[in-house]
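In the two complexes that follow, subunit A is the common piece, with subunit B as its partner first and subunit C second.
This part shows the complex of A and B:
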């Protein structure tokens, strides 16, 4: 966004670290994400993006007469529809193979997906007996310049669109899951956390030919 | 030149034909197959692909563990073929000069990649979401000195996928899984196919 990183050139040098029989031509995921972000992706102005999103949320709050639960649902639904489509963009850009562990999924989401679409790399951790993935957003371009009015503090998940995007995108690669916000700095919490849980790989729906 | 690409199809994950374009036909010549025949063909190909993916010999099944690690680099990789439709990214969300510039793993490991006859060759590229991109070309033996035609085809079809992700998926008027009627996509695809410098 406003401060694109320029780490791709540095990190590609360490690409050939692991020693497999087949020559290592994969980049580590971080270098891959950085490279795609820096060299392969057209950018838009971050402030314009933030303000556009802000006006969508404000309009929804108005339309739903400040019923913030319904605003959350609507944002989730909008995100879901975006996720259904943005996954093709993600795959066309990265051509990454399927993730079989929560660990790789967290890594791909954080270092590649969030990186190339929002230029952030959330921290991820696995909790609840290896069942949940928790993404901690250090910064969130959606909520720059935002202050919630006091009546919205309790119920509105301002960036709930992100949960919908994750749900919609994962569903298209045959991963059923639920996604929710655990906390948001806008509400005065100490961090912004998204939780992905009830993950299930829909084996029957994986397209033939993949394995 | 680019003339060797005869037609291009996109088949959705349930086997429905959602896009079909022929490139070498005169405006007034009859299409090779009627639109109904095309639909049947797409459905049949989808079925054949699904069944063929289960023909894997036992010896290979035992040797390979299907759950490979994303970092372990066991997935078969498609080399990047430079010079195919370069500088076609203007106007897209991809940054020039090329859509991608590195080798990439193939998602299509046990499905049909290529069907060959004396008169044509057909290539198939399937994405992780189950969309198939099919390309029919002149028989590759006609093309001088072409190494690894499947890799070239995969490179071309991945770029078509890039255009699809940009112009079809991001069109607010497109509903998922439905036939693609999109002028900008048509135009972009045409100029991309025309720009392919290497004979194929």
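This part shows the complex of A and C:
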């Protein structure tokens, strides 16, 4: 399939399995996210989280001698590895079925995923002819009280780890996609936006051997 | 922790402010209540997000070291390996490489330690009192007795925040050496190292385990040093913090020389 919309890819997949009873999301997602966050989540001081991430980014910038493009890449990889594993926790906690439209995916990501892991609910919108999902982060616990030095403003995507996590997690539920930052308030933009695009449904494959 | 502290040290310089009169007691209780309310009002995130971040630190440092050994042009495009593979690769690296990974992790820990010590102090915890740190002429003074409140601060507040529990036992020889025993160090609590794994060629399981776990302990060593460097006036190079596995946990041995 060459770059179909997620909805189209999903409809063809669901057509082939029409005889099965496809589980639908019938719970109100906001209530679900709020309930898991308030009642079933161990919490930790957000400042500690911010400072820990800050120390990691600082060390990376130092190691790559302020080559911020490589820092972005490394943060993405780091996030990818986290996303690969964090999705399991997400599914175990929420027991949500597959999302069949981009709209539901946006809603699940924003009201459940971001809510239970970071306690934020980004706004989402669908653009580019139903192909892209754009998440707008009002607040971002990774970058609280962070100020970028002027040389980093141009190239560094400070919270790029989030893109990696999204990519890694979505890949584990058979959604291949690309994730990138469109803008970041740390760089002086008016909002912080993440774009998820070129979604493709992965076929079931035997995972590549580890040896 | 307080039950296990060295008996000699227990009443020598308590971290609690002296509570004499009824009025002071009331004032202290009110401060404590306000502190509790303040703590609850702080924003929070899921502990799991934090734990993943902490755990991912080690493979990150290892992959940086491996990349350094390679040509930049080739490594630029290669994908980073999975975290668990990187951790196993750690054993196969040479000693200087391992040391450089440890240094890197130490630096990150140091950054966390020095930053959170400021954060904790500005939270106005009424149980914190570092007055004994200042000698009569108002200058920093760091012989063994004055270090104790700082070490207690590390064992209680810092450890509780960063690792979710307090240090189980603190011992000191009153000459600048402290032993912090953690019976259930949180970063390695859930670890399982496969026996006879294809990643581990050495059959000496115990040794492998220790080598693999070292980077995770280095984080704590970095945090300890970061806090100390922020609170007492001493050259960080002169301080040492080594760790070892003892029967019932991990022991961090901190030595701060007299200036």
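Heads up, the rule we're going with is that the second predicted complex is superposed on the first by the 175 of 211 C-alpha atoms of A that agree within 3 Å, B and C clash if a C-alpha of one lies under 4 Å from a C-alpha of the other, contacts with A are read in each partner's own complex, and residues count from 1 in each chain.
By definition in this document, contacts are C-beta pairs under 8 Å (C-beta built on N, C-alpha and C of every residue); 3 or more make two chains touch, one makes a residue touch a chain.
Model, not experiment: these values are computed from the prediction.
By the touch criterion defined above, A:99 lies against subunit B but remains apart from subunit C after alignment on the C-alpha atoms of chain A. Once the two complexes are laid over each other on the shared chain, residue contacts for A:147 go to neither subunit B nor subunit C.
Judged by the touch definition given at the top, the superposed model places A:89 against both subunit B and subunit C.
After overlaying the two complexes on the shared chain, residue contacts for A:70 are found with subunit C alone; subunit B is out of touch. Contacts of A:173 after superposition: subunit B is touched, whereas subunit C is not reached. Shared-chain residue A:39: touches subunit B; no touch with subunit C. By the document's definition of touching, of the two partners only subunit B reaches A:108; subunit C does not. Of the two partner chains placed by the overlay, only subunit C lies in contact with A:53; subunit B stays clear of it. Counting contacts as defined above, subunit A residues 41-42, 84-86, 89, 210-211 meet subunit B in one complex and subunit C in the other. Taken in their complex, subunit A has these residues touching subunit B: 18, 20, 22, 24-29, 39-42, 84-89, 91-93, 95-100, 104, 108, 172-173, 207-211.
Within the complex formed with subunit A, the subunit B residues making contact are 13, 49-50, 52-54, 66-75, 77, 92-95, 99-105, 107-112, 126-131, 158, 161-162, 164-166, 169-170, 176.
Interface of subunit A with subunit C (complex): residues 37, 41-49, 51-56, 58-60, 62-63, 70, 74, 77-78, 80-82, 84-86, 89, 116-119, 141, 210-211.
By the touch criterion given at the top, residues 42-50, 52-54, 56-57, 59-60, 63-64, 76, 79-80, 82-83, 85, 104, 107-109, 111-112, 115-116, 119, 161-162, 164, 198 of subunit C touch subunit A in their complex.
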